[in-house]
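One chain, chain A, appears in both complexes that follow, with chain B as partner in the first and chain C in the second.
Entry: the complex of A and B
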């Protein structure tokens, strides 16, 4: 439990700091601009934030923090749900401003707090408050820290949900007082800046002096987060390909929300540490040894039961097998060693992955994906060098020109040098050697390859049809030249480089599934995630009603589907009968059909002692089932015809 | 190949939809329950009858429940980690949540909200938090203020913890936008742990992205197959006697307590209405005509007494007045014709 919390915290800190950083630049722009504005109109900043509403909270919080630290102590955050009318808006605004003010320098002033509630919430009281705050001598410190008359910043968090009237009124009122009260408005916009003109008529929007700011797109956020959190050795827990795919799919196809991605990741952590008994060993390297030594006999047995470990054992000589399966001490040593191996594997994996990404991301058509996450998934899924995409990557790489190749190699060297792995000395050396060789081959880039290079360059710039034509032509040309001429020195070298890269990839990018003990650090039950994050209640209801055997494991319920089994629970029978109907259902007919089906079961064994009694019971059961269907939202009472209900779903049999 | 298959399925779905909604004509028989000649069951007899019939597949259901009960400790962990739990699936989850409450929340402060209860409001939930959990006496101007107060208190005092169990979060009373917003904000507090159940097929439509992120749901499928006893007991089913419109028993009950003349007046109106029941444009009986008829039958002697009598009927919701196009008041009995016929027959018997 403790570990989990630690991990969560660590993860969260990382993410938050990252989000802060990525926004700080953008915030700086805003703040600077806020300082400069001084004019008749109300200066307004429109922040285009994207549709991922859930992430905006964090942005606004850090924005107001930055503003408070650097520009002005008076920042108010307004949300649409708090301000149904102009009165509520003013009330909230005043309350927040005075509170803000108290927050910033809380040591000295007690008198501001006096009965905020009783102050009449109007613009005049706001102005008098503002004057009293800025003009009184005791506040000099505040004023000198910022400047003479600091602006009052009002942030509208969700521009789209505000009612037009409230916004208009507020803007018109405040524009009247702009001389006494320097206001700055910030609109948070989720869709597009056109919404401002949609919401506000010309007469109002002309009072504003709007400048647009664009925030980072959520996709970039995601890729940086994946880069920082998943593609490092820093976090002991890793995600398997399927899990990662599910998370990314939820992100890309559903909500674009980084928060939800984080939530999914959190769930992975919880689930991993909860279900996998060996996840105790999933920790930083320094602690591994301690924990291995404290393993109990049962836990050792658990290790022996891991499929990847069994595979490992089978490949060992027989006396070692026996030792592994019987002696706990020996097992612990081996496990220690294996975990070390796993760690080394990770240390090598990520830098090599990045190098490969340098190559693939600059090739036309992105054979292995544009983003590093796609490459990562591809590598985890299978042996990457066996895929077709990798084949085409190699082919394309063999046609690179010298300049690009050199820059790429240089990038790779940088990555490898900065990586913590120890085995790269040789690789780096080799790459450096290649580089010097290229330098010796001077002129290669300049002389015979100029036309080719131009064409290739053209192609890199875009991937539309026109350029693609060029690309084909170059290919043909290349083939011809290969056939006709002997390979030039440069080409030879190029082949050599590509082959070398290939070998490096084969060495280090083995998918994690093939490693022993990968179960400890990889979380791989994607179905859990899908169930708990992206549930489908309607599907569950349908299967339960349509095929109760899925849940109730009784032989009597087993059927081929389609036909109405008369042994099913009442509600299932009623549901099936209702599927056969159109838009309206006659209750009497429905009841009769139901009683026919039900009596078919009871007919043989009970010889109908009192038909009236049975009838009543069936009637009652029918009523119950129908009202349950109504509760579930499949039908609703209809006024169109007497004793009819309307179906709210469609399709069926 | 898979893609085309999917596409086929998709277009099929679309076609099915339009097929279902294309014709305004409805092809169903015209039989009504009235013609079945069966007494309508009331709530009590229904309950008794259902008691008698045994629940099918009790063993299997029990097995399912046991499976879900093994998840309890996991739920507790996840609640503490900031997630909230929502249960979906067929069958009442009332008993399951109750078991969860008994086995896990015995020593903690917890609040059970019966969402299916027809007069529940967010306000009452918030009231019970402020009054019983926070020991605060006093009223608030609006639920928003109250919520703010609660949030403040919970933030100040980190030792406060509250488990909230909501049965049927998607019930009629709680499904509104504002109440969901308030509940979502409440549930986003780190020391408030929410576990709720939903049943309606369209329940997830209540939540937009912002609310969903506040709720921070973890979904759990708990298909129990157990009957919705508590939940449907408030549901006014078509087949059970409806409390909304006037039923025969209440009709006779009210009229029994009236004077003979008053009963006669009502009878007159009912007869007149039944005579015209096949005329769809029948607006009702105008007051002047009615007065005339009542005078002829020696039921009233002045305009004023009839008006007083009608006011009394109206108070008991026995009649409704409608103003026609010509400004004349028309009188109608808002009871369906079959009940009215029954009533008249019964009256005849009594007399």
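Entry: the complex of A and C
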């Protein structure tokens, strides 16, 4: 899928730009240290990556790739779980370094492989290896990219999880040899750099020359991805408000993982193309015509069944209705036209959305959300101009001072000019006209608005006394207007601008589900996505055991009120019985209850001897079911009382 | 006045040695008298201890090198297993005379092998007539190796029947080494800390050639005046001296003051050194950053130290999980009812406080709590309904890997894992503030 590729590229671009920066600093640092050899400090980069641990793997992989391409072939990635002791760490380190040496020139492959087993895992062998690699001048083709003596970069992926002792020992050892072996450490830190001081005593941390690098925060990362992928017309598939909301909620509430967000998005793509039969039409504009022409009769019927299309048909004159519902050819033409409309709508939607964001993001209290994604969601949800927040936005916009208004308008013009939409010529002209009018006003009004401007500055800064300031400002405004009796030219113009923006918004920011055929390009089923991404194992297990019909679909299990059917699988019966018990369950009572339920059918014609003696088969079935429950983690054997088991879950009754 | 006198060595060498090891004359002469002449048998093992950077390693190295005594020098941290250690000693021994030819690698797994190979090596190197020295730096690591290594090294002379002396260097006292089974007692020698005078003398020794010694010693004087209170580590002081010297010279370079104008120079450097104490010394910012900072004066405030980035961003539910964990760790179990039940009316506050133990829970530290309690508290503090999804559970484990929570006791996952919250009150208050949760209201200690 091309979208995925693009996503990854986008992600990588972000990373590489960051890495380039950090890498250049490395270079600077190591050269600096080369001349300052008298000190024994190891240059160290502390890379603060944020808590989204799932993303780190990719980051480190690309980091090592970049380093290998640009700085040094000797990069080792170490993970805490591989290094419980200093010995394992050294083994891992040597293995990785020598292997990457093998990759550089494959002629000596077997020689290195055989000697590897016998190699002593110590720093001295590492140093001799390093010397032998750097001294041999044969492989000039690689060294042109690297420097004369490339540093050895050791990356600790998860600093927090390393044991203190291992790290300390390693740092002490390598500081002994920093002259022979130009080592650079990279610490991947998830929480805060304070952890370095927490992990290492002063005597050890004084051996390091730590420099801090902060990676892009994951929230910013997400906004760029949303900005580049979702808020463009480049990709035909769009997400509806609810789906986007689910994805963003998972991101914000649960894991902060951009990786998972992308995976969720990919899942959306797959779901959409899999479940929606009309998704064939969800493609780039050039192909649409071809695909529409090749639509079969069935597919046309599918289109006719779409609710948005039905609505469209109902609003047409009756002869057209009939034509749409009966002739496929006419339908295809209309669909073509409608899809073009939809495309134009998108082309207009995004630039206008960005313009609106320019306004809302600079207003105090962010009436429509600070991030453009919030604004996007609000616009998708329903008619944005009907919401209260929009009202407050307009009110605030009417109070903007001139400077801000002018800069905002300029930004809007920029956005609109750079956008591909064709309908903006008039809008741009209108905005430019406003701008020139403002410029004309310059001389007259600049002075009179200075005090107000100061007030507004205050207004932006003060966040807690927001309402208070608001009142003061409105009062001031009122007083001023009363004094001058009529609105100044500037105020008139300001009203005009705001009204114009309002009209533009009303014109272009119609929510997508009011558009015909939006089902084709919008992925809508948020519930499916939630089920897949936000799994609830406990709940699923409970429903499976409590209501086996849900999964087994056997008619016999259908009639489940609250009683326990004996046709259910044994484990379900046992589970239901155990829900009625307290923390400790008596096994004998449980068994008796179980056998009563199981033999309930034969109840009427009861045999006297079998009632007090439990059948061996039933006994065996019971034991099996109970051990299955134990395997699932619902109960465990208890030592407090004999013949009892303890429940491990609560709140069943 | 030659302090060091020894008949076996020429006086010129001794004089040179003395100049190399300032302020350690008495220790050196003591060592020399123990070592005796080259062919004489020396004490089997010597244990030297003293605080960090009191010159143990340096003195031993210069002593053995200047007198050209046969020796090997091994760091026990670097060679972390006994096998590596023993092999390293043998390799160094073999490479002593024949530098060029690569010695064949001999595996040496046990001490028995070592003794045998060592004897062979001594003979092959022609060292039977001289005392051979093995110096083990950071000898405290020996205690973590096999039980036989330390006692065997102590009586190596006896085991090999060769003229060999083992010198152990350590930062801790001999009493902490003594194994249960008893062993040969080494000769112990204490290296005392350098006094302020000593430090001054040593630091002044390597003054840069372009400035006079007096000028540099005045600088060292100021430096010690600032740093001596917090740091007596010679290495660290050397490092600081090197870093800040260029700043000290600045007025001289610009021609505003001459080299004698100490008062002016002091005025210039003192606030600078104070700042260095707060930043570089604590490794809040690295030394290279510090140097860059000196070059472009203006933006001094720009660089933030490591601890300035203490803020941690967490997902929404992780914050609540952490808060719930904190509450579970610091509140007694029986108070949960009062804090998290809507109608807890029956427990009167006074009655409730009577049972109150005088000690604060925050002084006692966090207590472990079961997973179920954590989730129960989480459900009651989060406003909207939280489904017990897999994401919530995985967040708990990721909090454990971030070392914000820690798992306690048995690691049986099915058996109801127990956790502890390891973050500080300040941290949790900062977290709680971001989600508008008044944590103080829920803490038993602050009732």
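The rule is simple: the second predicted complex is superposed on the first by the 481 of 653 C-alpha atoms of A that agree within 3 Å, B and C clash if a C-alpha of one lies under 4 Å from a C-alpha of the other, contacts with A are read in each partner's own complex, and residues count from 1 in each chain.
Note that in this section a contact is a pair of C-beta atoms (placed from the backbone, for glycine too) under 8 Å apart; a residue touches a chain by one contact, two chains touch by 3 or more.
Keep in mind that what you see is a predicted model, and the values were worked out from it rather than measured.
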item	value
Partner chain in contact with A:645 - chain B first, chain C second, else both or neither	first
Partner chain(s) touched by A:616 [first = chain B, second = chain C, both, neither]	first
First (chain B), second (chain C), both or neither touched by A:301	neither
Partner chain(s) touched by A:263 [first = chain B, second = chain C, both, neither]	first
First (chain B), second (chain C), both or neither touched by A:538	both
Partner chain(s) touched by A:580 [first = chain B, second = chain C, both, neither]	neither
Which superposed partner A:569 touches (first chain B, second chain C, both, neither)	first
Which superposed partner A:195 touches (first chain B, second chain C, both, neither)	second
First (chain B), second (chain C), both or neither touched by A:210	second
Residues of chain A contacting chain B in one complex and chain C in the other	53, 255, 534-535, 537-538, 633, 650
Residue ranges of chain A in contact with chain B within the complex	1, 4, 8, 52-54, 81-82, 255, 257, 259-260, 263, 266-267, 270, 274, 531-535, 537-538, 540-541, 544-545, 548, 551-554, 557, 569-571, 581-589, 616-617, 619-624, 626-628, 630-634, 637, 640-645, 647, 649-651
Residue ranges of chain C in contact with chain A within the complex	52, 75, 77-81, 84, 87-88, 105, 235-236, 239, 242, 283, 286-289, 291, 306-307, 309-318, 372, 387-395, 398, 401-404, 414-416
List of chain B residues in touch with chain A within their complex	13, 16-17, 19-21, 26-36, 38, 41, 45-46, 49-50, 52-53, 56-57, 60-61, 63-64, 74, 77-78, 81, 83, 88-91, 144, 181, 198-204, 208-210, 212-213, 216, 218-221, 223, 225, 227-228, 231-232, 235, 237-240, 336
List of chain A residues in touch with chain C within their complex	29, 32-33, 38-39, 41, 43-44, 46, 48, 50-51, 53, 86-87, 118, 120-124, 158, 160-161, 169, 172-173, 176, 190-197, 202-203, 205-206, 208-212, 214, 217-219, 250-256, 534-539, 633, 636, 648, 650
